[in-house]
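Here the chain labels run A, B, C and D in written order, and each chain numbers its own residues starting at 1.
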Amino acid sequence: MEILERLRERFEVLEEKVQRDDLIFVGTTGKNLIPMLVYLKEYEGFKTLVMISCVDWIEEGKFQLSYNLWAPKQKKNIIVKVFIDRKQPNFTTIYRIWPQAEVYEREIHEMFGVNFEGNPTQGEELILEDWDDIPPMRRDFDTLKYSMEKFGERAPKSRINIRREISEQYDEWRRK
Amino acid sequence: MDKKNYFLDEKPEKLTYGGVFRKIDDWARARSLWVVAYGTGCGSIELRPTFTSRFDAERLGMRMVGTPRQADVLIISGYLTVKTLKRVIRVYEQMQSPKYVVALGACPINGGMYYDSYNAINQLDLYLPVDVWITGCMPRPEAILAGFKRLQELIDSGRADGWKKYIENLDWYRENQRKIIKNWKMPNYNW
Amino acid sequence: MSKKEVRLFIGPQHPGVTGNMSVEVLLKGDTITWAKTHIGYLHRGFEKLMERRIYIKSFPLVCRICVPEPDTNEENFARALEELGGIDIPERAKWIRTLVLELSRLQMFIMWYGGIAGSMGLSTPVQWGIGDRDYILDLFEELTGGRIYHIYIMPGGVRKDLPEGFEERVLKVMDMIERRLPEYDEIIMENAVVQKRLKGLARIPKEWVDEMGLTGPVARACGFPYDVRKDHPYEAYPYLDFDVITEEGCDAWAMLLVRRREIDLSINLIRQIIDRMPGGEFQVPLPNVLYWRIPPGETYVKSEATRGEFGYYVVSDGSDKPRRVHVNGPSFVHGITLLERLLVGQNIADVAPIMVSLQTCPPEMER
Amino acid sequence: MGLKEVLKPLGAWRQVARRPHTILVPQRQREAAERYRGFHVNDLEKCIGCGTCTAVCPNDAIDMVRVPGIEPKKGDSGFRPRIDYGRCCWCGLCVDSCPTMSLRMTNEYIWIRDVPDDFVYIPGYDIKGFENKEKGYRKEKEHSFTHYHRVPMRELPPEERVETFAEVVLGYAEEEARREADRCVGCGLCIAGCPDRMHIPDYIRAIASGEYERSVNIMYENNPFAELCGKVCTRRCESYCSLGHEGDPVAIRWLKRFATERFSDLKQVIKVKKAEPKDKSIGIIGAGPGGLTAAYYLALRGYRVTVYEAMPEPGGMTMAGIPKYRFPFPSLKKQVDFILSQGVDLKLNYFVDQERFRRLMKEHDAIYIGVGLMKPWTLGVPGEDHPNVIYAIDYLRKVNFNEPVEIGKKVVVIGGGDVAMDAARVSRRFGAEVIIAYRRRKIDMPADHEEIEGAEEEGVEIWEKIIPLRVEDAPEGRVKLVYGKAKMVDQGPGRRPKPVLIEGEEYELVVDRIIVAIGQQADLSFLPPEVAEKIEVERGRIKVNHRQMTSYPGIFAGGDVANRVADAISAIADGLRAVKGIELYLQGSMD
């Protein structure tokens, strides 16, 4: 697609993928992100920010931030991806470009612990109240364990593994 | 904001009268159940048909009221999140005795779909006394009405005494509630 | 805080708010000078729960994300998985899905139509709206086996075929609703109370639409023809004949007009779908769902819900569980960014009509 | 805006004259829709406790419990689902994935209690009053999560088959195999059916996800003859497959064949863990699958192993008895070579007689007897010593070792087992006209039904209810079989009908050869008398304990000579079990 060429000319494009006719993925570096978003907004018609999302790649030690833009004229979505360090999850806010980014960033801060410098409201509780653990959407947070410890369980389940039961039932000779 | 505690600190006095007055009272009460209009969870979607023309619970003396202070019944419509639980306790404690709690759906019984959710409680009876449990996901209006019929029977026979239990065992309920709600001061928003 | 200003908390237990959410406002007299939305009362952590469930197990979950209109979620998630997993669904499945989506939109609009009147203290339309919506729920019950949560749209198509004679019964309900609509109009559209209160209420500056990403009836009431069904056609929408509905008023009245015309459009579309429903298979077999792995990849699919653009951002890492599912409901922007700005300068009594006009749905904001 | 807008809403008063649409519950209950997803019911008789509902339940609402009155048996775990209505979300995924279609939903929806502890329920066992409701959500067989249809196996057409000894079954292509493997729900009921308790669901899942090496490694954990089993196993596992109740069972055998055939060099694939060498040696008599299995695992455990084989090639019955169109020689060689490469010493053409047996007992710390059944049962009719009466087992051995055999143009095979089928189909390949004569009906035949079908496709005639009476000489070097017909006499429930000769009728059949395939027996004459008297023999088979040890300490036995099933997988299982026994015996901790 031509837009990818124009982006490549101007910015560092780490990865690109045309998922559908109306959906493109572009990966870039943290430094390039805001110029690229501004460029897409001002010159390419991607006027709208649809959402910001965060993906936890815990194995690689990275957070992926996805900025989903929509061009009302061309009817196209572009998702700009940027990877940040999971240990020091600091990034810059884009709420000056799009006002609704403020709330998305606030949510990501609450759910993943990503810090968006310059976001005026990010410390405020949005969804959780009196949260007492690591940010819950991180992959290393075990929600089942947390729930069972905090909220308990009625009528505990027998947790029988049929396959193991069968193996053992018919398998006396191998057990010892 | 002042430091006033918005929750029950002391046990209120019990109802002292009994005998025939109590019976008349129960009879009348069972036929006029006003429900707090608080949709705590997804079950509230089925409360709307229940209380409007298609199923018309008003035939049975039930209607929605906006304020807890005039209400008899609190419906916990499904799952309760930690944040809502605090509001629900507050609503419940604002209601005038005698008051009844009806739990809708599987979630209040044993967690339902959200048994592994970090933000939804699993067993409602630890935090509030529940008089009638209606399972389903969500219970249909017919099931809700059948549940109310059961509640009426219980009130008629004087057995719907969850509110008494709550007052008598306030410490136990408080202890359970405190396990989940750390901050008992009302936040400076909401209310 | 000025002494003349009063801080007021509306909700979560308040008959005027749209569900379990709350708005905090500062009042000068009865004029709002500042507003803040508080959500989180319905947060169940869907996205987290889906990360620890195999794909098929997520389907009972996703429909709970938006309680009144669950099918959009199912369809979106199913379509995302089909795209990532490379599954082509049969033609009939697409049409049945579209039928379900339109029925679902219709029931939501009817309920909303009563609801907007209810927010201004008119209680008759509420009774009508919810009562008549129930006939569509009966249709859903017959088709899917559930009144509210259908769990009907699954990857590969739909779960069951249309029951015998279903089309006729749908048409009968459509006729019934169409007969009733003039009566609705009489007590809502032609009601002096409604007209007086909604005209000019919550006027949205046009430049906000693109800047904030407003979608659905809110954007269309401002004259922007944004409709995912036309812009990014999915399922059977490319084959259907319809125009995007727009109004120019930018206010709550224009939103009411858009939604009123959407009811007609939905009925029209349902008739078209039933008319042209193709035969054939309604499902393609999935791989063994217990062990279904989806190749690594990510996608964003969206569809038009009654409130606006509903999107699913699904990231797969090649395992049998999603790496990340982000559900982006239109209410997130409408209910927080827009509502907070829109309420400023409005009358305290108009909070409820404004919220209903924006049709904020808390469960999809916080998932 | 004017008076019109004030008056118009009054039109709502029209409703006063209309009949309300209110449904008068609870006075009048409305039945839910035909497909309504209400409370569950379970047909306990049909349910096999496979646990698929548990696996698919999104809410962990279903667990498996023991139910009084239901005992575990093969193909039934004895568990039944218990549903917690404090968890259930009535999505119906359990119904849609139930392999036996025993679980379904009714359209019942009211369940109200005063206490929260009364929502756990075992459908079918706890009687709630709606068990007989017919309406409700049901699974549609063709539109569900379960794949009931097996991916068909491609075979050579019958016309081509009879021309050659090439393999009849062509095997799955990769895509076919993965599709077939993906049908498995992983319940594990099949494990109970396998004598060797192979980890069937695990290796099938590995095939489905394309990890063929891992799959073969899982197989080799307890079966060094996986490829053999992939070709000729009696596959009792498949008869316990949970999918088999309503559809075709998973083709476990063909999948095993597919995975093992992919690798020509097993040494690069199988990751063996060898223990430290130990100073003990074991002698194994008979290089059949059982003996070699024992040898393989003993060698892996560090023992010195020597295998003694009377025939010129290892493999025992799989070498001598199974025709090459079912089990080609290179496949056997590949597997045996891999076993031998683990440090197993093999002595061929070494017939163990009494003298040699005594010597082996001195040389080795333990002995495993896996000699199989090499002596055929005879018909026991007059004239059986006719030169044209041959025994299937000798016949097949000669064919497999490329020794000349003359069978003429028309043969009759007497028997109904797999050996009879093999003899018949081999004879077809030599161009003879073949009749199989069996004393019961075709449905009673112990042979694999696929073998019977294969034989018939190739033009073998099957005669039912034939009882041979005597054998007579016929002119031109032929032989005459005189036989009577039988009628089936019912033996009461649970027992198979017995063939009884219809007296007074005699028929004749003139053929070139009569091939007798009515079974084999053990030949234990190699045991020296002082050993033989201490080894208990029961109905022709050596009696062993649960560790495969005979009543003579240190002498173990397994395979056809010790079990009644007499198939390859049982021999392999015996071999594996004996390994553990021998190890315990040598450590002196035999239990």
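FYI, contacts are C-beta pairs under 8 Å (C-beta built on N, C-alpha and C of every residue); 3 or more make two chains touch, one makes a residue touch a chain.
Remember, it's a predicted structure, so these values are computed and weren't measured experimentally.
Summarising the inter-chain layout, the chain whose CA centre lies farthest from the centre of subunit D is B.
Centre-to-centre separation of subunit A and subunit D, using mean CA positions: 49 Å. Inter-chain centre distance (subunit A to subunit B, centres taken as mean C-alpha positions): 37 Å.
In whole angstrom, the spacing between the mean C-alpha positions of subunit C and subunit D is 54. For the pair subunit B and subunit C, the distance between mean C-alpha positions equals 29 Å. Among the residues of subunit C, those in touch with two or more other chains are 40, 43, 45, 48-49, 52, 60-61, 131, 149.
In subunit A, the residues touching two or more other chains are 127-129, 136, 141, 143-144, 154-155. In subunit D, the residues that reach two or more other chains under the touch definition are 21, 32, 58-60, 84, 86, 89-90, 116, 119, 186. Under the stated contact rule, the graph of chain-to-chain touches is complete, every pair of chains being in contact. On the side of subunit D, the complex with subunit B involves touching residues 20-26, 29-30, 32, 58-61, 84-90, 109-116, 119.
By the touch criterion stated above, subunit B contacts subunit A in their complex at residues 82-83, 86, 109-111, 115-123, 126, 179-183, 187. Contacts from subunit B toward subunit C in the complex involve residues 36-42, 44-46, 48-49, 52-54, 64, 66, 68, 79, 81, 83-84, 87, 91, 113-114, 116-120, 137-138, 140, 189-191. Contact residues of subunit A toward subunit C in the complex are 19-20, 22-23, 25, 47-51, 53-57, 64, 66, 68, 70, 72, 75, 77, 79, 98-100, 102-104, 125-129, 136-137, 139, 141, 143-144. The touching residues of subunit A, when paired with subunit B in their complex, are 127-130, 132-133, 136, 141, 143-144, 146-148, 150-155.
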